[in-house]
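Labels for the chains are A, B and C, by order of writing; each one numbers its residues from 1.
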Amino acid sequence: MSKRDFLSTADLTRHELDDLLDLAARAKGKRPGQVLAGKTLGLLFFQPSLRTRVSFEVAMVQLGGHCINLSSDDLYELEPQDQAIMDGRAEEHVKDAARTLSRYVDALGIRSAARVGTWERDRQELLLRSYAKYSSVPVINLETNFEHPCQALADALTMRENLVSLKGRRLTLLWCNHPEPKSLGPTHSILQVAARMGMQITLAHPLGFEVDAEVLERSRGLAQDAGGSLLVQNDMQAAARGAEVLYARSWGCTKYWDDTEREAMVKRSLQGWRVDEQLMASTDNALLMHPLPVRRNVAATDAVLDGPRSVIYDQAANRTHVQKALLMQLLQ
Amino acid sequence: MSKRDFLSTADLTRHELDDLLDLAARAKGKRPGQVLAGKTLGLLFFQPSLRTRVSFEVAMVQLGGHCINLSSDDLYELEPQDQAIMDGRAEEHVKDAARTLSRYVDALGIRSAARVGTWERDRQELLLRSYAKYSSVPVINLETNFEHPCQALADALTMRENLVSLKGRRLTLLWCNHPEPKSLGPTHSILQVAARMGMQITLAHPLGFEVDAEVLERSRGLAQDAGGSLLVQNDMQAAARGAEVLYARSWGCTKYWDDTEREAMVKRSLQGWRVDEQLMASTDNALLMHPLPVRRNVAATDAVLDGPRSVIYDQAANRTHVQKALLMQLLQ
Amino acid sequence: MSKRDFLSTADLTRHELDDLLDLAARAKGKRPGQVLAGKTLGLLFFQPSLRTRVSFEVAMVQLGGHCINLSSDDLYELEPQDQAIMDGRAEEHVKDAARTLSRYVDALGIRSAARVGTWERDRQELLLRSYAKYSSVPVINLETNFEHPCQALADALTMRENLVSLKGRRLTLLWCNHPEPKSLGPTHSILQVAARMGMQITLAHPLGFEVDAEVLERSRGLAQDAGGSLLVQNDMQAAARGAEVLYARSWGCTKYWDDTEREAMVKRSLQGWRVDEQLMASTDNALLMHPLPVRRNVAATDAVLDGPRSVIYDQAANRTHVQKALLMQLLQ
């Protein structure tokens, strides 16, 4: 972890990752008590949230601490650009908000996942990185267009609970269809974690839905270093064959990032990218994972989401436990 | 109570009702202490709320527990229909939201009182019933168009405090005018409670503002079983005469439920349905009740709302105490 | 303090002010413990808030109490006018909201700083005063167009920490430019506190940006009684010369209060009213203060805001400590 922030799964060494997951598993088995009594966590949501919002608040309550929630409705617009002449709409600079909040709370979580420009711009996570730069307290990434590291921790814990050891296990990360343009955050974050764990990863998506080139390159390197592998595959059927974990999620097209109409047009021919019982049957009795929210009967059918191999609610429930571990590491 | 949910006053036996009110009275007299320490209650508001929101949060604080509040602004749209192909606006199915939240919190409260279709549709409480179906934790009805059971508990406690015993006492439930179309929730819920208590009930409203036929029939049966009675009356003056409790509230016209303009037109000639000192004088020194918010000088005059027989703030204050009792029963 | 409300710095005697600041300084040095355990503070925000919202919630947490936050999004419209016939948009009267909330919480904070009429109307703080009138629990002003007393307490604590004694010290309250029309709240509140402290005050603004005449007259009297002085100055350079504290903030034009376009036009020629290093150099090594949020490089340059004499984050941080003192005085 750079400084004491938690911004990206790329920053985590294998050792740090194992430590976090071990601590999470222990915190799940037995409540750690009021170890964060008197501590406060400020959460800033610039987009709606169900799991992240509630799981962090429950995590803090279970540790004796307290969450302060702010949403964009509670706030005015903020300026992320340094040296800006602030005669526009933004009422306060992120620098001032971050420094002020650092005097009030013990850690800050930021969700900022709006599409505001091209992929080249949005991949920089300007608002999150600006908070991290100016805060003197730890900053936690609650999801950007580029990463969703808390989700990936919960995913990794869920896989560990089911597969015991992850090294060499066959994970297929599968793009699936969705009526709306989606972020690449959960995909990038779990890709890097799975690579670090030495899994045999197949990344499957239609042509045009490549993930970020830098993330792909880094993940390939991490996988090889850890004795795993990373293969990109544009054939859904082939990608599912023999998988031990099928992790489905939609993500956006980085090429047409600022042209959502064009992305929607491209997706019209991709309705076949949907997980159903037939696809599941071709796997090696794979676990079905999805970070939620899921578009039922578009991304995956009711039958598989509600089927015996689905662990989607365990992924969600594990958010609380990995976040307790994270908060204990950052705040104790 | 069906399962451990609290959805409707129709589900409560006389014994369960007495138990809840007894516990509430004790919890009002003496703080029960930190009996819900470490417990969390999730509240989902799809409409604005003052009393329900604050009284539940205060109730949890007094019991040592914690509320997590979500409003529709914090959330995306949810799909209540099973087997839906979710290619529209709804980002998540209620099934998934309910199952996820059940892994985080110890109970869930839902306010969902929007008019979205005909009365035949809205009387089914689709969203609430969907949460109850899929949640593995207790679900509490925070008001629908059909019921508002927490309000009715507070009303019953307030009547008990003033009348000691409710059996045989004369209660007039009086429709009153309001510029906006209103739900039938509070009316249905108190009607069923008063019937169960064996009160002599007069339900008074203009022609066209009949309550739900099934609720009316059930309440009539409950009242007779308990030694009380239920009379429908379309003459406001006659209905008020001799009442020991005058409970005023507006409610919507089920016939024109999805045509609010027509309802507004009908109401233009009903401005006389307003509680004033003259009407109160014709009662048997009746208590004046109203569940709030109230349109002053439209539904009832300042003189009677602020008068010596008004118990409107006691009704509001008792929300905290009945809800503490309810939470103790559901969560301990 | 009138009754036990905290509405205006004009109500504070010198003795009460010293007591609050002494208590705040002690509460800053050493946490007072769970002295407000079981107590709840309701906060109603009719405008966005960062500092006030978070600093009050942190203050309550540190004292063992609990905040319940409501924003205008959680609520319907409220009627402040007595005897109103409520057939319009307002769903509830402030009287009923205030009396109801008084039965739930131990104190109420209200932020209500919208421009809704002329200065003659808005200076009356109708909504706040209506809450104070009808609440039976203490009401705290969280900022109106007329006053922001909690900010002024934090400002006074910050000055005391840096100057030790305030009597006779040279404070310049300086108007600065801003693209939006702003309230007079922070300016009025600190003006009255500084006057009460016997500071030598220079109030500097362009012609047309006079503060409220009654506040000015009262402050002049308070300053003289306390051995200080109050001078109005329309020349920015002259006003800064020799200052020991330069307190910058924009405020609105009371004459064109309900004509914001005209105010914007007037301000076009006032872009020179901006604090920069040159202006700071003409002071007596002055502290730079600003209540935040600040428009960087419009109201003041990055160089001075981030410079060695800036105490803007200390002002913000001190909000927590003065508010702990205030809450202990009101609620213990």
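The rule is simple: contacts are C-beta pairs under 8 Å (C-beta built on N, C-alpha and C of every residue); 3 or more make two chains touch, one makes a residue touch a chain.
Note that the structure is predicted; figures quoted are calculated from it, not measured.
The two sequence copies chain B and chain C touch through a face in which the numbers common to both fall below half of the numbers used overall. Overlaying the C-alpha trace of chain A on that of chain C calls for a turn of 120°, given as a multiple of 5.
Chain B and chain C have Cα centroids lying 41 Å from one another. Chain B has residues 73 in contact with two or more other chains.
Those residues of chain B that touch chain A in the shared complex are 38, 40, 42, 66, 68, 70, 73-76, 79, 83-88, 91-93, 95-97, 99-101, 103-105.
Chain A contributes residues 31, 45, 48-51, 53-55, 57-58, 61-62, 71, 73, 179-180, 292-298, 302, 312-313, 316-317, 320 to its touches with chain B in the complex.
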